Amino acid sequence: MSEPQGRGFWRSEAATGLYLISPTALFAILLLAAPLATTLLYSVFTDGYLEIIPRFQLCNYIGECASLKLDAATGEYVQDQTYLGAWSDPVVMTLMWRSLYVSIFVTAATVIFAYPVAYFVSFNVEPSKKSLWLFLITIPFWTSYVIRVFMWNVMISRTGVINSTLMSLGIIDEPLRMAFTIQAMVVTLAHAYAPFAILPIYVALEKIDRSLLEAGQDLGETRFTTFLRVTLPLSMSGVIAAVLIVFIPTIGDYITPNLIGGGKIPMIANMIEVQMLQADNRALGSAVAVSAMLVVGAVSLLFLFLNRRYLKGNK
Amino acid sequence: MKLPILRSYAVLYLAFLYIPILILPIFAFNDSTTAAFPLKGFTTEWFGRVFSDPALGEALKNSLIVAGSTSVFATLLGILAARALTRYRFPGSASLSGLIMLPMVLPEMIMAMALLVVLLSIGVPLSLFTIILGDVLICTPFAVAILTSAFQSLDKSLEEAAQDLGEGPFSTFYLVILPLVMPGIISAMLICFTIAIDEFIIANFLGSGQKLLSTYIFGQLRFPKNVPNIMALGTILVCVSVLLLATAEFFRRRGLARTGAKDTGGFL
Amino acid sequence: MTSSDKPVMIEFRDVHKYYGDYHALRGINATIKAGEFFSLLGPSGCGKTTLLRTIAGFEGISSGVVLVDGKDMANVPANKRPTNMVFQSYAIFPHLTVEQNVGFGLRRDPRSKEEKMRAVGQALEMVGLAGYGKRSAHALSGGQRQRVALARALILKPKVLLLDEPLSALDKKIREQMQLELIKLQREVGITFVLVTHDQEEALVMSDRIAVMFEGNIAQLDDPETLYRLPKTRQVANFIGTMNFLPAEILSEAGGRAEVQAPGLGRLTVDIEKQISSAPGTGQTTIGFRPETATLLFDGQAATDRESMGTVSEVVYYGDMTYYDVTLDDCDAPIRMSMRNVFGRPVLDIGTRCRVGWSPGAMVMFR
């Protein structure tokens, strides 16, 4: 407890804190920071056959690259096949754009549909029942993701629940084509991440001092304009948290393109898998992964910046 | 903004959230290999098949090993980090906690691939152990978040009081701190267990082909005739995770009641 | 209040404490006697709680010495010190019963379980909570928590009991009751009590001696009466009660008496022997007096000592008392006076001319 001067840093409170956190921090450094750094490094190295050659190059990102192969006779590297860098390859770019707009759609849909629910639970549910509502909202989220995604497949497939129901009721004659579409992917993902959007918005709404709303109405606003001028701005931090929490995992989602897209509409995560494993091009795979991280980082920073400016503007 | 509209919207939304889970048991008991209406008849055959599949037993065993170890290790790491972050001020705490919490905001695929590439290049053979490593990485931020709030609701003067009454740092920890954060620890373990047992990407890429529950299910989905089995299995899993969650919530609330803190809502 | 002959229990020798660049304690020198009820009084942030926590061992000191019962506490951790503390938040362990809380510190006590239980029972009885032992701690009221905290600390028979703003969380009635109970308890057990408070009234009521602290320094250390009657600085005078300050000019100064000229009061002699330690001087100074030492003189009432003329500029009616601001003739700033509302005495209106009776003996001089 006591820290008379002269005993030095290593017995101070700061040192105790560092000792305590060191196992966790070390774990994160070894298994997270180091692998990410390696990925970054690989993305500027040269692809070899079942190996990566530490020769610096930027063509994994832009331009045309050549894989190298060890020539058994000479012991030197010779050119193998060529491939396009991540930003030059139309296939990679298509997948990147698809991932981006799918996750933007998903995020927008999730947050917009979630907001009224969060508002309802925060403002219209009596306090003793709030926990129950939150519990009900979170339950579906904690059940097997693979099964939940697959259930959407069951619902929308050609002979699935929706089509069979509609046809047996005589509403349609031909099965609707819903499976293997981007719309189906958006619905599935929006469903999967719904609780992630509701909770942060709910938390932000809960923090709003209820007398502010009365003040708004006291100063001549209607219920609706009070919502627009007081509630909505004050809950913006929750909305932005929700956006980030939904956006980040959806852009890297792997299961949904597989199960709902039927492998026919791959996204960027599937591309990373293919390059890293099947195609054994870790240099290009790393470049794609780093690019995806850059996109995620850029979007996150944009929103964090918006949030900060928004908060500043409110002060 | 009047209540009935909002309430009916919220109820509809809940229905949307629950549709897949509610359909699950319907087809789990339906006597047909295709999931379509109208229903054919009641059967428990699929449950029988689930229980008699030796591959499932193996996958379940693996999943329990992985999720069990993950919840223990992630919670231990979480306790250390949460205690350090809530109780001590030290240089670099912000960046270290940022790094520890980073997996929450990184696409899992990228983490899994980065980890895989490093493990392969330094020659670590893939096994259940490497899956556990990856799962611990993903679960630790959740454990830290839960435990941070548990440690934060702890009044620092309780510790000082224990020392004032003659206890040393270690006895203070197990006489006062541990009992008070125990509900947080249990709830962190349950959450980590649930995440780990559901985890697919890590299990798929960081393992050496042993099936876990999630990868087993994913594999079965390729064969349409196995779909009803999966529905039955899914029904069981839903029941188990609801049970686990209810327990976690129970302990979380008891913890709050014990330390006299205010209930601030859900798990996140 | 003849504590001077008692042995010393706590001694601070030039104690300094830094938090980074912030100088929280700036050379504290003081002694606290055995069996004394000692208070550390000051506004928030003055260092009083920090000083208390250096006794308990929760704060290390940057330089200087803290002695408890003659022993240097430098390398003695909190759990080995002969002091116990009642925390501001009471720090009652929420997962234990009242009994377990009170007996918490007896874990290493070699006595038998029955004897320990008896000790717990006695401690609970002492604080008026007999029969509450089996209750769960978080079901207690604020006042009851306070008592549990007291019993838990006193059961260990510490040499010093430290109390960190123990009454601040209680409402007024219970607070006043607890003040009296604490005084009684202290007399019974004879243990040295060190109390931290920001409430001057509480300090005056309870303490044998009070150290008034500002910005990491002890501004004055005296018994309550001296502190009230002869504050050493304007800051102390202002913090404890109310005081009227008037500018004055020193005409002459000799033999512990100063001849001064003050607007509104005229020429007067102030006894400064007990009060001012610095070298005598001439020129401008400030004199002060407490509101209750001056009085309004009603029709025909003669002054006991001196009197001046003035005009009522503000009246605040309090029921049992009336506070008047009176602007004396030849003086710019109004003086405040408090008058008891004895039966038959009128309450004056603003603007009324009035006579003010005062006494040079009540005057204090500040440099």
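Annotations for the structure displayed:
We just call them A, B and C in the order they show up, numbering each chain from 1.
In the analysis below, contacts are C-beta pairs under 8 Å (C-beta built on N, C-alpha and C of every residue); 3 or more make two chains touch, one makes a residue touch a chain.
Remember, predicted model here, so these are calculated numbers, not experimental data.
When the C-beta pairs in contact are tallied for B-C and for A-B, the bigger tally goes to A-B. A simple rule picks the central chain: find each chain's mean C-alpha point, then take the one closest to the mean of all protein C-alpha atoms, which gives B.
The distance from the centre of chain A to the centre of chain C, each centre being the mean of the chain's C-alpha atoms, comes to 60 Å. Spacing of chain B relative to chain C, judged by their CA centroids, is 55 angstrom. Averaged C-alpha coordinates put the centre of chain A at 18 Å from the centre of chain B. Counting partners per residue, chain A has 1 as the residues that reach two or more other chains. Counting only residues that touch two or more partner chains, chain C has 57-58, 77-78. Among the residues of chain B, those in touch with two or more other chains are 163.
By the touch rule above, chain C contacts chain B in their complex via residues 56-58, 77-80, 83-85, 87-89, 91, 93-95, 104-105, 107-108, 138, 152-153, 156. Residues 1, 13-18, 20-21, 23-25, 27-29, 31-36, 38-39, 42, 52, 113-114, 116-117, 119-121, 124, 130-131, 134-140, 142-148, 150-152, 154-155, 159-161, 163-165, 168, 191, 194-196, 199-200, 202-203, 206, 223-224, 227, 244, 248-249, 251-255, 259, 269, 272-273, 276-277, 282, 285-286, 289, 292-293, 296, 300 of chain A touch chain B in their complex. Chain contact summary for the complex, chain B toward chain C: residues 155, 157-158, 160-168, 171, 175-176, 179-180, 257-260. Against chain A, the residues of chain B that register as touching in their complex are 1, 3, 6-7, 9-10, 13-14, 16-21, 23-24, 27, 34-38, 77-78, 80-81, 83-85, 87-93, 96, 99-100, 102-103, 105-111, 113-118, 121, 133-134, 136-137, 140, 144, 163, 194, 198, 200-201, 205, 213-214, 217-218, 221, 227, 230, 234, 237-238, 241-242, 244-246, 249, 253, 263-268.
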